[in-house]
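Please find the structures below.
You will see subunit A twice below: alongside subunit B first, and alongside subunit C after that.
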Partner chain A sequence: MEQRPAVPGDTGETERRDKSGFGLGMVKGLATTARTFFRPTHTQEYPDVKPHLPPRNRGVIALVEENCTVCMLCSRECPDWCIYIDSHKETLPATTEGGRERQRNVLDRYAIDFSLCMYCGICVEVCPFDALHWSPEFEYAEFDVRDLVHERDRLHQWSASVLPPPPPDPAAPPPKEIAAAEKAAAKAAAAASAQGGPTDKPGEGRTK
Partner chain B sequence: MSKAWQTPRVDSASSTLDVGIGAGGLATADMVLNIGPQHPATHGVLRLRLVVDGEKIVSAEPVVGYMHRGAEKLFEVRDYRQIIVLANRHDWLSAFANELGVVLATEQLLGMEVPERAVWIRTLLAELNRVLSHLMFLGSYPLELGALTPVFYAFREREELQSVLEELSGGRLHYMFNRVGGLKQDVPAGWTLRTLDAIKAVRRRMPDLENLLTDNEIVKARTVDVGVLSRDLAAAYGVSGPIARASGLDVDLRRDEPYLAYGELFAPGGPGRVPVRKHGDCYDRLVVLIEQVRVSLDLAEACVEKLRSLPAGPVNVRLPKVLKVPEGHVYRWTENPLGLNGYYLVSRGDKVPWRLKLRSASFNNVQVLTRMLPGQLMSDMVSIMGSMFFVVGDVDK
Partner chain C sequence: MSTTDLGMPGIGPLQSAAPYPLRLVLNWGRRYSLWVFNFGLACCAIEFIAASTSRHDFIRLGVIPFAHGPRQADLMIVSGTVTDKMAPAVRRLYAQMAEPKYVISFGACSNSGGPYWDSYCVTKGVDQIIPVDVYVPGCPPRPESLLQAIVKLQEKIAGENLGRRYRRSGGTPVSAAAATRPLVAPDGDGGPSSRSTSRRARRVVSEAAVPRRQTTSVLPSAPPPAAPVQAMTLRPHTPQTAEDTVVDMPAPVPPNAGPETKEGPR
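Let's look at the complex of A and B:
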């Protein structure tokens, strides 16, 4: 391989050797520390001053039980299988006369072992019903490693501290929920105009 | 001009030493000395098996594997999203760059086109990650030399950049932000401006850190002409990254084999440049690191500017529910903060790779210690080892 010319600013030999011999370099460093001494500190005294954490912070996983349908996607997609789910099927009687009985899943146990969790967020990402959220809460260290298994009630408590997501960058495409709502509104408007009824302006559905 | 506190330096090539016990004809027996795996002088659990004759190192052998986690085998039973979780952990200081190699290899095998905005955000994050990694070593290396102060300055700057990365990805160390086909999600509103502020703040305060390091007589006394790694030896051992460039080995994949948006950034007139030094001693390695921080900040700023001028668009592509990668194999390497990081991906059409070989930079960079340490003094051992800038997780995988 051919040798490329050294970059500009590579002074090479001169700066490698101490020119003065009077420790001027150290004086320079001391001047820097002296200047910094008179500047305001940039540290926070943690237990007294709580850190300001962004909404996307991956602190702890919160469970919104009501949204969980026991589809098991989270525990299957977890790279180290630290989500434990137990459930049973429940038969609901028919709601109408002569109707069919329906079965639904009932959650018995939902636990995340935070001693194994790698905080990758795949479970939150795959959850199709928004039952899992990240909360920026982080103060849950334990003296016993077994206490890091958070059962459903503890996971549910975390959901109180979940922050709303930040607004996206102007250059970002609209969220898929908005696109879906616009499409549905346009479809409804088209159906209404085909019937000859009063027409809504397309896109009105999104402002709901 | 020679000062009292400066030890006379000896060329590593010559085997005659005129200082220290064991020199000057005193009959001494060789002693085997284990440094590590748990030792205050090591960082991480790298074990060095040294044979010393008095204060002189006769031979050195890095014993690796104390932190082997079987990452390559684990890759084989994880799908491509789960691999990202593992891949960003072998070198925990350059998580983003590690993720990048995996997704680039997967995308190449899939023949997938990544949206332009995603490419630029990836480049930006890769450069911010490089700055973070370099700042860590700019803090820890003086710490190993006995200077306590620089680490606080380095960590202040790290905090500045980590907070913007945390706002974006939710993580401070393991970003987990790459996905096959792009990124996890778009940037929050105003993030680009905050990033620009952070970059400018770090650049403004970098001279503080440099003042403490580059001109300091003690740092110079302990690093100049210590642990010289020749260009040929670096090439022979596959040493890469800032260490190789400090020895005059002018290799940087960002320029030589551009990926992401580096082709544009390293084009003539662009902000990209590759700092190269020729001496290959500890001091040059330190200086190259500082210079690389400046370059990376320039690149990151260029990325933000470009990002702000790009038209609106997505940052990822829709993936099928089960992502299967077609049969084939591909080798993708990227310029990680510590050197060349390569992934050899072999797929047999499954949703998991059949094999994902990992070529990590630190592994090769550490091996060359067997040739660098013999002939050196014990007191220079820490100085040399610290200047090889390795992460033990990257060595042991």
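Let's look at the complex of A and C:
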């Protein structure tokens, strides 16, 4: 055998393999192809199969106009300044005799420019009146970038696709309102039973 | 170094003369064999790559991934922030593509600058330098959004007339400078620029003449109107009656509907 320069990883098998059969490499390759051919695929064939979307998925923002009081917090907090709001004030006559006239904000224009939006959700988070919600819809590509500005009627239409809020995590602590209400109820029960005699209070065992 | 004026490339006159059945076949062939030149610049490129993998797989739709270069590509997908430093490269590579060519703007940054629209070095939308056919919103968009945009582009190609798409205005060759679209003129009331006017608002109002975005017919756009420039203006939505603000549709139930939420009558 002639001396070969030492090559790391060279175990001399290549020479032996070449001598074992003509076209063996191609057969091995075809075997791999055949094996892969009959393996199940993981392709989700959109648009025939819609994707499985997680519950808090952010597709598009929906506006529930009835809840909006035009406080403009969403527009101010949006880091991109992609929410355009126009409004005016209306004066309502006094309801009682000698009362004061009331002023009301009326929404004229509410638009979200989805060509700028980065889907951070700050507007949804910051709205004190739950007028903005996430909707999982994502199929709204357009031919013209100006059509990516959704005006209020289009934003209102998205609210039909908003999912109900997911149920709370069973291992999570109860929300503060429920905890406070339970404490108040337990206190009232304790006061009632202190008069009538000591009894076990099943509500005390809950973790905070 | 002197430059040679090669003239603007274009589609030959036979395209305009082709009969409808032939155009149907050619459109079918063209829309189901789009070789894609991925212009992946930032995070949206990752979603593009995810769309090319086996889970979503845009090759099913006829979009063949990773052409060997712009000269062999039909479709350019600009995904990611186009910085001012990269903009000449985008323009150059787009010019190296052969007609007919299509562009998908993928993601907020290439649609309009996205979250970085205020930056000193970001091009506010790749459509400032090249004409775009489909805009995909998202930051980043889902891979399925890209698939939907491809389907939308294919529907557009199905109904298109290449002769009209690449017709030169008045028969004169258009230089690259003339082919760039001028900015939309802002309207007079100082509100948000009329660039943000929705098509719906444009259809509703047709008064004072504010010129809409001028496009030469070299660039892909809807067939140019035969009438003079379509007029549009931005009119604030002033409710005329109490019913004006009510949208005529089934009342959506707010997700947090409960005894504490007031639902207005419809």
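Annotations for the structure displayed:
The criterion applied here is as follows: the second predicted complex is superposed on the first by the 136 of 208 C-alpha atoms of A that agree within 3 Å, B and C clash if a C-alpha of one lies under 4 Å from a C-alpha of the other, contacts with A are read in each partner's own complex, and residues count from 1 in each chain.
Operating definition for what follows: a residue touches a chain if its C-beta (ideal position, glycine included) is under 8 Å from a C-beta of that chain, and two chains touch if they have at least 3 such contacts.
All of these numbers come straight from a predicted model, not from anything done at the bench.
Of the two partner chains, subunit B and subunit C are each touched by A:Met118.
Of the two partner chains, subunit B is the only one touched by A:Gly29; subunit C is not. By the touch criterion defined above, A:Pro79 lies against subunit B and subunit C together after alignment on the C-alpha atoms of chain A. In the superposed pair of complexes, A:Ala160 makes contact with subunit C only, with no contact to subunit B. In the superposed model, A:Phe143 lies in contact with subunit C only, and not with subunit B. Of the two partner chains, subunit B is the only one touched by A:Pro54; subunit C is not.
With both structures placed on the common chain, the touch criterion links A:Asp169 to subunit B but leaves subunit C unconnected. After overlaying the two complexes on the shared chain, residue contacts for A:Ala181 are found with neither subunit B nor subunit C.
Subunit A residues 42, 79, 118-119 lie at the interface with subunit B in one structure and with subunit C in the other.
Interface of subunit C with subunit A (complex): residues 54-57, 60, 105, 108, 111-115, 117, 125, 127, 132-139, 141-142, 144-145, 147-149, 151-152, 156, 191-192, 195-201, 222, 236-239, 245, 247, 249-250, 252, 254-256, 261-264.
Against subunit A, in their complex, subunit B makes its touches with residues 1, 3, 78, 81-82, 84-86, 89, 117, 149, 153, 156, 159, 163, 166-171, 174, 176, 184, 186-192, 208, 211-212, 214-218, 220, 224, 248-251, 273-279, 283, 291, 307, 310-315.
Residues of subunit A that touch subunit B in their complex: 1, 3-4, 6-7, 9-10, 12, 15-18, 21, 23-26, 28-29, 31-33, 35-36, 42, 53-54, 56-58, 77, 79, 118-122, 125, 134, 166-173.
Taken in their complex, subunit A has these residues touching subunit C: 41-47, 51, 59, 64-67, 79-80, 84, 86, 88, 106-109, 111, 113-119, 130, 133, 138-154, 156-157, 159-160, 162-165.
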